[in-house]
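See the structures that follow.
Presented sequentially are two complexes of chain A, the first with chain B as partner and the second with chain C.
The block that comes next holds the complex of A and B.
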């Protein structure tokens, strides 16, 4: 690819010989003058070529390979739930990154005038009350998380009841189950971050659930919650899981999940 | 609708058509957005009292919006050969397949 001008058409001569009104002639002359200097069309054509060449490198989608009519049923609402949860994930990722500028995962005593309030709780309170658009930002993050959890679950129901998990899509079904579980871990770790009463006792339930696992229960509680009673270690682990570990894992697994859908095609309703 | 009532139609080479589309759209977008910004500045986003409105800037804003619309409408008379004149005259059915 180069930005060498391939088009040798003589626009000026063409404009002269064509039967144009004076307004049209000057309009076109101005645009050709601009085009020769700014060369926007050349750059756009470059992007177009790039787009098509990249597209040629992609594996053929199922609909292309078998020349299927893909026009109508993508719009069937239940077939949009997977896409819907992807959109919710992206919204949560962006709003979460912004919240990360203002949130601090510390269980030390905070500045809010409530007995036992921590720094974590205080920063969330500050986001809600002091930060411009902070209330909106946190609400957006919360709602995106709720929507994603709901959409992922309904997506699983749709896949199950239309039989879309069957051969040859078993692997993607398993990956989907893993993603559903990871989504819930994502939701749970985020739920604990405000470190209010709701979060604290949800954390207590988590510790006790871990401890109830036979043989490895104590080890799991230590690993996930940093001990058997809640404290700074718990909050910090939830934070790192939520903003570091899970984003990498879930994004990668979503990419694999979508790539498989791309290559295998969406199972058509029967 | 006959061709006459739809206004003049000028067939241009494809490369020229691209220039027309790109630059007239660019100009129209910049002019209309700029016009609204000028209106906002002149009227303090609609909050200014009538006496405090900067008439010169407000008129400039309206003119910019009109100019953008005019250029956009004017550019629509140019088309490349083989292009359909409207959505019903091509060889594609208008019913989403």
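The block that comes next holds the complex of A and C.
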């Protein structure tokens, strides 16, 4: 490797021979310094391409070309439902991350003021009564989750009734079904966390359902609920699923789902 | 690593793991050398690119050869406009209808009402299809599957059916009027979901549970049939208009 630099690449000399203001000169110097180390140029190129793509004058779509809007404009607002699912997911993720700091998944005996309360229950009660804006935070998380689930169901119906699942979008339909299931598991694991009567007995149903799966039932119950009767292990697992595993998985799958939509475009009615 | 020092015989890379520049295979060479699956992949890519190219050359479709709305700007502009209302709605709901926190868990006291969240009602309802579980006379009227196993299987069947819809319904039809049959299936599914959800909370529904059970299986096909009839009629109407316009322009000789 030759150590001498070629003249072509002597950027300092190039900067000197240009007649630059101090601002321009220091900008260029910093830019060159960074670029030598980080290859900024490559990324600038990517950004540039992105910029032109985004601002491209779009050719007419099938719909515009044949002026078909009058046939199905009334469907269009429903095309927002997928995006709404995403937005509600983000709201739930942010409020949930905050709640996670104040909640602790422990089935040990909690606050003495409340008859039979566990620590988990007491922390939820504390969030609602002691924490500033805590009541609202829990409410927000609850509603964002409810609305997300509703939006996902309705989004699925929109996709079904506009026939948007057909070739070439079968893969996205199946990914969607996975997302729908994951969303429901998300909701279920969250439902158990306050460890009140509803949560406990919903958990009981969960254990019974797992046990009635043929062949692998007991194994599933052990894995998901940490045993055949509910307790600390159950709560711990639900917490791990709800705030650690599922967020990563669901975020990734949503990202894939959206990437496919971006690549394939929105199915047009005919 | 410029080309001009390739004749320099002194190897400075020491290990010899990195081949000198003149031995580094080009991409083309690598491609030709590969075998097995990667070779097949390359070959397929080349074919499919060639196919695209041929199609493009044959095509007289000047405007555009993508049959979809681009996500930007068509989709996103509208969605972003509606999003603030949507987030506002979530905040409004949270502020006005705060959630409930029931009594603490008590394993020794089963409450009168056990409920999952509303979006699981349909699945919960499918667990309660015990009365439909066939019992075989051969094994003395015993049920082949436990009722609960039957319910879990019912869930698998429903979700499985939804998953394979794209492979059952093909073609380019999209709007319900274009495919009355599949739209009717959809309506039937939605109505069934509503009834089976109601069935899962039958002790809270002010209706005779037996009647509700029967309705769960009678109403959905009825609703589906009605949807089918309506859409079919609408389609005939469209066809009538189209035909009339056609024959006005080109009267039959």
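Here are some notes:
Following the convention adopted for this analysis, the second predicted complex is superposed on the first by the 193 of 270 C-alpha atoms of A that agree within 3 Å, B and C clash if a C-alpha of one lies under 4 Å from a C-alpha of the other, contacts with A are read in each partner's own complex, and residues count from 1 in each chain.
Everything that follows uses one rule, which is that a contact is a pair of C-beta atoms (placed from the backbone, for glycine too) under 8 Å apart; a residue touches a chain by one contact, two chains touch by 3 or more.
Everything quoted here is computed from the prediction, not taken from an experiment.
In the superposition on chain A, A:98 makes contact with neither chain B nor chain C.
Within the superposed three-chain arrangement, the count of touched residues of chain A is higher for C, of the candidates chain B and chain C. Of the two partner chains, chain B is the only one touched by A:41; chain C is not.
By the touch criterion defined above, A:28 lies against chain B but remains apart from chain C after alignment on the C-alpha atoms of chain A. Of the two partner chains placed around the shared chain by superposition, chain C is the only one that A:87 touches, whereas chain B remains out of contact. When both complexes are overlaid on chain A, the residue A:207 reaches neither chain B nor chain C. Residues 71-72 of chain A lie in contact with chain B in one complex and with chain C in the other. Against chain B, the residues of chain A that register as touching in their complex are 7, 9, 11, 14, 18, 20, 23-24, 27-28, 31-32, 34-35, 38, 40-41, 44-45, 69, 71-72. Note for the complex: chain B touches chain A at residues 10, 12-13, 15-16, 18-20, 22-24, 26, 74-75, 77-78, 96-97.
Residues 1-2, 5, 12, 63-64, 66-76, 78-79, 82-83, 86-87, 89-91, 93-95, 97-99, 101-107, 109-111, 114-120, 123-124, 127, 145-146, 148-149, 151-153, 159, 162-163, 165-167, 169-176, 178-179, 182-183, 186, 190 of chain C are the ones touching chain A in the complex.
In the complex of the two chains, the chain A residues touching chain C come out as 1-2, 54, 58-63, 65, 71-72, 76-77, 79-80, 83-84, 87-88, 91, 110, 114-118, 121, 124-125, 128, 135-136, 138-140, 142-144, 146-147, 149-150, 153, 157, 160-167, 169-170, 173-174, 177, 181, 184, 187-188, 191, 194-202, 204-205, 208-209, 211-214, 229-230, 261-262, 264-270.
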